[in-house]
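Structures are listed in the sections that come next.
Both of the next two complexes hold subunit A, though its partner changes from subunit B to subunit C.
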Partner chain A sequence: MTEIVQQSVATPANSKGGSTPTGRMLQLAASRMDFRIGFLGFSLLVVVAIFLPLISSIDPIKMSYGAKLLPPFPAEGWRWPYLLGTDQLGRDVLMRCLVGLRYSLLIGVTTVILMFVVGCGLGLYAGFRGGWVDAVIMRLTDAQLSIPMIILAIAILGVSRPTVPAIILVLGLSGWPLYARVTRSVVLGERNRGYVLGERVLGASDLRIMLLFVAPVVLPPIAFVAVLDIARMMIFESILGFLGLGVQPPTPTFGNVIADARKYLLNAWWIATMPGIFMLVSLTCLNLVGSALERARNAVLRGEA
Partner chain B sequence: MTNPILAVSNLCVHLQREGRRLPIVDNVNFALMPGEVLGLVGEAGSGKSVLARALVRAISSPLEIAHGSVVFEGRDIMTLSPRGLTSVRGNRIGFIGANPMGSLDPRLPIGDQIVEKLRSVKPKIGRAEAREKVLDLLARVHIPSPNARFHEAPFQFSGGMMQRVMIVDALVSDPSLVIADNITQPLDVTVAAQIIRLIDDLRQSINTTFLFISSSLPVVAQIAERVLVMQRGRIVEQGRTAELVANPQQSYTRTLLSRIPSIWKDVTSPVAVEGEAVLKVDNVTRTYFVRRRGTFNSYNEVKAVRDVSLTIKSGENFGIVGESGCGKSTLTRLLAWLEQPDNGRIAFLGKDLSLLTRRSLIEMRKSFQLLLQDPYGSLPAGMPVQRMIEEGLLIHGIDRAQAAPLAREAMAEVGLDGDLAGRLPVGLSAGQRQRINIARALVLKPRLMILDETLSALDQVEQTELLDLFNRLQATHGFSYVFISHDLALVRRMCHRVAVMYLGRVVELADNATLFERPHHPYTRALLSAMPTLEDNRFSRAQYLLDGEPPSPINLPEGCSFRSRCPRAQKDCEKVDPSLFALDDGNYAACLHTYGALTQKETADVE
Partner chain C sequence: MFVLSFLLRRLLQGCLIILLVSFIIFTLLRVVPGDPARLIVGGMAPDEVVAMKAKELGLDRPIPVQFLSYLANLATGDLGTSFVRPKSGASLGGSAFNDQTREERAKVLELILNTLPMTLQLAALALAFALVVAVPLGTVGGLYPGRWPDKLALTLGSICVSTPNFWLGIVLTLFLSVKMKLLPAIGYRGFSYTILPAIVLAVEIVPFILRTLTVSVAQVMREEFIQLAPIRGLGRGRTVLKHALGNAAIPLVNLLGVQLGMLLGGVLVIEFIFDYPGLGLLTINAVLQRDFPLIQGIAVFISVMFVVINILVDLIAMTIDPRLEY
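Moving on to the complex of A and B:
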């Protein structure tokens, strides 16, 4: 009986062109409005953040005492530069936000890719091999998880210069164990599945089974969740910046701009608010994409699509 | 004539899906008389379980009861208030399902859970009284030391014992009707036979009516006086069991009957073939070490395979049978060289596998292939069919251009439509999936195929088709097969020689005819007596069926490991652990007191 229900549920899904489960998830996600809005908004921000500072002649660190603390757009009509006003040193807020977004994206995306590759790679290996390999890697994650991210950041970034690679290293170090653990636990469930055994019987090597068969099953769902993690890493980047452990001034980042602007909150609210809005919009877009992917995944796993 | 206890009229259950309504139970009418056992048979998907649930209105979306009435003890269940329903479900109507291990909370003692259930349906019963009642019933379903087991959690029970617990759970509220849905399906044959015998005993003493649902007519026929035959949601035939079996009226019932394999009547046993030895297993032992609970470095030895020797000849079908826990899965893994034996030697085509280099072992792997039981889990989900079949060739260094035509050829040979080549396995039937598995093995041109319950997930029709395919492949390629199965009927039909395993040891190794017609070992006779058949069983249950369950492989008894359950056990069985004795007709049995044919000389040797 259950078979009948499953079959009648499964058939329409198959006919819907979707090929692999991952393909179906992407298809389903792309059909959702929240995914489209998020994806469009985020792509727009990325394009603007990358290209506007390149083609524009406005220098985000150039100070201009004559133009300090100018209010943003509607207040005194259209103005270019200084569309979103200027800060206490007369620097263009829009350009500073865009450069901040650039760093935030650069650090967020690179960190997640790094964590994903290292964490999932180690988790895959640990779960598949088991035994002492597994024990060593898992104790490593335990050790790593016992060090809070902020302490680690102070230790590393306080001693060395807080450059972009150093920040990525700190965030990546504190984030990979999660990926390793999740991957390992899924792999543990997969490694005794029939298809793995089937490959063994055919004579396939461990590496082949891991990369060609286990990884494609295990990694896509984790990759979907990783999209949400980009947003988290971007927030961490701003936290570090706010604490003075991020990319150092005069280079503007969301964190250090907001930290500097605190003093002016009452008479020049836009200096801190504009980067906040940029963060809000970009993170919302990312979360829309991430959660749409996750919902699509859940729907596919439940057999609803 | 008395009134029926349950009268179902015009019951319809529909499946709502995307605006379409699919009838799952279609206009069903029947009545149950007090005290009778009514069987309900039908294939998987015929709507039996839905019907069972609809009887107590336990139906949820996307299923819905379209119309009909179920009158139970004078009240129509379809119109009962929620309160009225609780007074019926689990109270006047008990239910036993096919998943004994998953039916109770795994963390809590079984006794407490049953007491709680009883008190929730009968709040007037006091705690002490409920406890008494549960203990009494635990004893009546023959659970040893009920007082101790009352406090044990479900994982401490075996499947068969847990099914007894579920029977207690169903009977504890003194129901007038018990619905038993496929209760023997997850159990081994001897345990299933014990459960059937138990229910048969119980119904004499407790005056309960049973609705006994199963997908197997022989199982139902063991216990039911009347049978309903269900097909696609309809009752196509009903009648007294004996009459229905002897003289079926409907063509569907006839088909159902014709698919039941015969064991003794008009059977020509496949005769052993002579050929060179393909796989030779000598005194193989495999022990697992399991950490003892609560300790840091002491281990229990689980002797999964003990001193097994067998030889599989070219062109032969070799069967390995036994119940769960007998070591056949471990032996399979050893035969497929997925694990290495602790002791002993496995030689393939004369070469000891443990002495091969890595490279030549991979090369050798092509010649023996394992086909797995689960057609769903054994295929990688995201890979097109043809690519999957090519996989074996790609592993062994053949490039895709050369592999593709070979894969197509194999697909055609196993009867897979060429259009499937680019498809993903999603939505393919179990039979098609097993064909893919066969093709995957076939491209490597093996000599030996090990079939680990390969057909058990398939229905009768698909099984028959695949068996024909196996025969065809054997004729063209000269394969040898090892059938590892708990399905004795399948083994009877296909295998030339059969090994029976018990607690990690081969207890009898004989040709098909000997094994099924005059087996020497008491365990073999017990297995045969437990087999549900429509024909007269040559080995009566009263005489041969075993009580109890196999001892734990951790603490094997001294002497013969079967003696704790053996009806013929004598004094000397406590001392000697018999290995396989050669019998005069070329067969072997590991018993000091075989039925019949032990030769004089060896009897003398033993004494």
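Moving on to the complex of A and C:
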């Protein structure tokens, strides 16, 4: 069975390394320099973001008037341990960035999982069943795609209390259509392959074929691209925060910290600039990983590796 | 004849999509809490006034009835009248319930059409900036896969896509506008006010063009007809410009259709930061004021644009590559 599954995705001939297509994709990605740099940078930031606030004595929410508006590290007047300076209420900018990254990551990853499950599930079902089920799901997808996600998000979050689950739900439910489209188009190609027909002859139910045989072939390549979407959702989360529709203060997120710091931009540029640079660096790392995975996936699917 | 049947089919599909969009938005707006009647008359108004306002606006009818009457108006091209915006354009959301000076309300369609040119101007300039940077870099990157131009394109794309637009807007305003006094930033009093927002929007578009173009140029260059071009005596420059780029342009045109929604999201935030009086700012204000007809109108309008642009995109793709059939 496994051999047939492999063949349907890529030609196993002259392949080196991993035995499954997914394994080969991972191996190819890991051999790329940009993947290594991005992966190292991002994991470092994530580890720091998870553990530093736990062991550090600095509270990202507690105000301290003795240490307000301290500039960041090389500038004159900075003070240990406030490497990135402090804000107008004496809160440590670095610690607030780290907590922001935690929330951003939590929302980004969960949202993409939700999008992936809903989108791929519907796409799988639509492509496999065909007929009117397919038509209905695809028109729904078109409609959803033509409503800009952000309008939907601000319309809903603008009136209901923006809690973490609400944000995840809104972003996830407006982001599924592309997954549905891609999954469906791949499933259409798989549907009439030998292994599916074979299982049919053996008497397997539709659900069983879909989940046990089609999904494992179709989904991993799509999951590779989902990494890029995590970064996209993290940006989205920060936009919502900036508009005042994200996780609410005093909990610091990238968005609400930058929105708040806008007022102090002229006298204390670092309060708004530092979280942005922090975000830029962490997301660039994540995007390097994501695009390396995407390229490796494309190379394997083309049968070049 | 073929084009006609294509157009007819796509227009029918488009109508279905627009119907679905208005249904989704309509239901969502009714389900979420927040009473627009109370918002309009002001928080201090007695309950009877609120009830009267709701009756006047038709908000007291059952939701399916409201939806049907909305659809009936929609069919005649009437998007309704704004809840809070008077004809003069200024917003009076919070005025007192017994204020006699309130003007007549503005038509939703007029509000949209008045702000649309501003947004189109912003989008066109941003697209021009993005194309100037991304097309040369993306093409060269695709010609040398795995070499430094490709890596440069990949890195630049990754950095651009990782830049939060609102943050870039703020930082550029600080440095280019406040500190160096190069460009005006906030509001709109002439064409120069478009440049800074357009730069920020361009940064958002560049990675998509780069990614699509490097991949599709690299793919076209592997094709037999390109590999055989030197044998036919064609120069490299001509091969790339005429044959490779022409074929690689199709995915790019397609992408613009699919990513339109995302682009509009960017426009929305950027107009909000720069206080740029376009469709995006209108949308944000409509949502914040719970102006139901305006939100619905904008959503329907955007989905109509989405449908039309996607049909145009397919027509353009067919012109570039006559083999394509839809």
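Just so it is clear, the second predicted complex is superposed on the first by the 283 of 305 C-alpha atoms of A that agree within 3 Å, B and C clash if a C-alpha of one lies under 4 Å from a C-alpha of the other, contacts with A are read in each partner's own complex, and residues count from 1 in each chain.
The rule is simple: contacts are C-beta pairs under 8 Å (C-beta built on N, C-alpha and C of every residue); 3 or more make two chains touch, one makes a residue touch a chain.
This structure is a prediction, so every number in the text was calculated from the model and none was measured.
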item: Which superposed partner A:Thr284 touches (first subunit B, second subunit C, both, neither); value: second
item: Touched partner set for A:Val159, first subunit B, second subunit C, both or neither; value: second
item: Subunit B versus subunit C as contact partner of A:Val217, first or second or both or neither; value: first
item: Touching partner for A:Gly66 - first (subunit B), second (subunit C), both, neither; value: neither
item: Which superposed partner A:Ala272 touches (first subunit B, second subunit C, both, neither); value: second
item: Most subunit A residues touched (candidates subunit B, subunit C); value: C
item: Subunit B versus subunit C as contact partner of A:Arg139, first or second or both or neither; value: second
item: Partner chain in contact with A:Gly131 - subunit B first, subunit C second, else both or neither; value: neither
item: Which of subunit B and subunit C A:Glu199 touches, first, second, both or neither; value: first
item: Touching residues (chain side subunit C, partner subunit A) in the complex; value: 13, 16-17, 20-21, 24-25, 28-29, 32-34, 151, 154-155, 157-159, 161-168, 170-171, 174, 178, 211, 215, 258, 261-262, 264-265, 268-269, 272, 283-284, 287-288, 290, 295, 298-299, 302-303, 306-307
item: Subunit C partner contacts - residues on subunit A that touch it in the complex; value: 34, 38, 139-140, 142-152, 154-156, 158-160, 231-232, 235, 238-239, 242-243, 254-255, 258-259, 262, 265-266, 269, 272-273, 275-276, 279-280, 283-284, 286-288, 291, 298
item: Contact set on subunit B toward subunit A in their complex; value: 15, 17-18, 22, 24, 44-45, 47-50, 62-63, 336, 338, 362, 365-366, 369-370, 372-374, 376-382, 391-392, 395-396, 424, 426-427, 437, 440-441, 444
item: Residue ranges of subunit A in contact with subunit B within the complex; value: 1-5, 8-12, 14, 19-22, 193-195, 197-204, 208, 213, 216-217
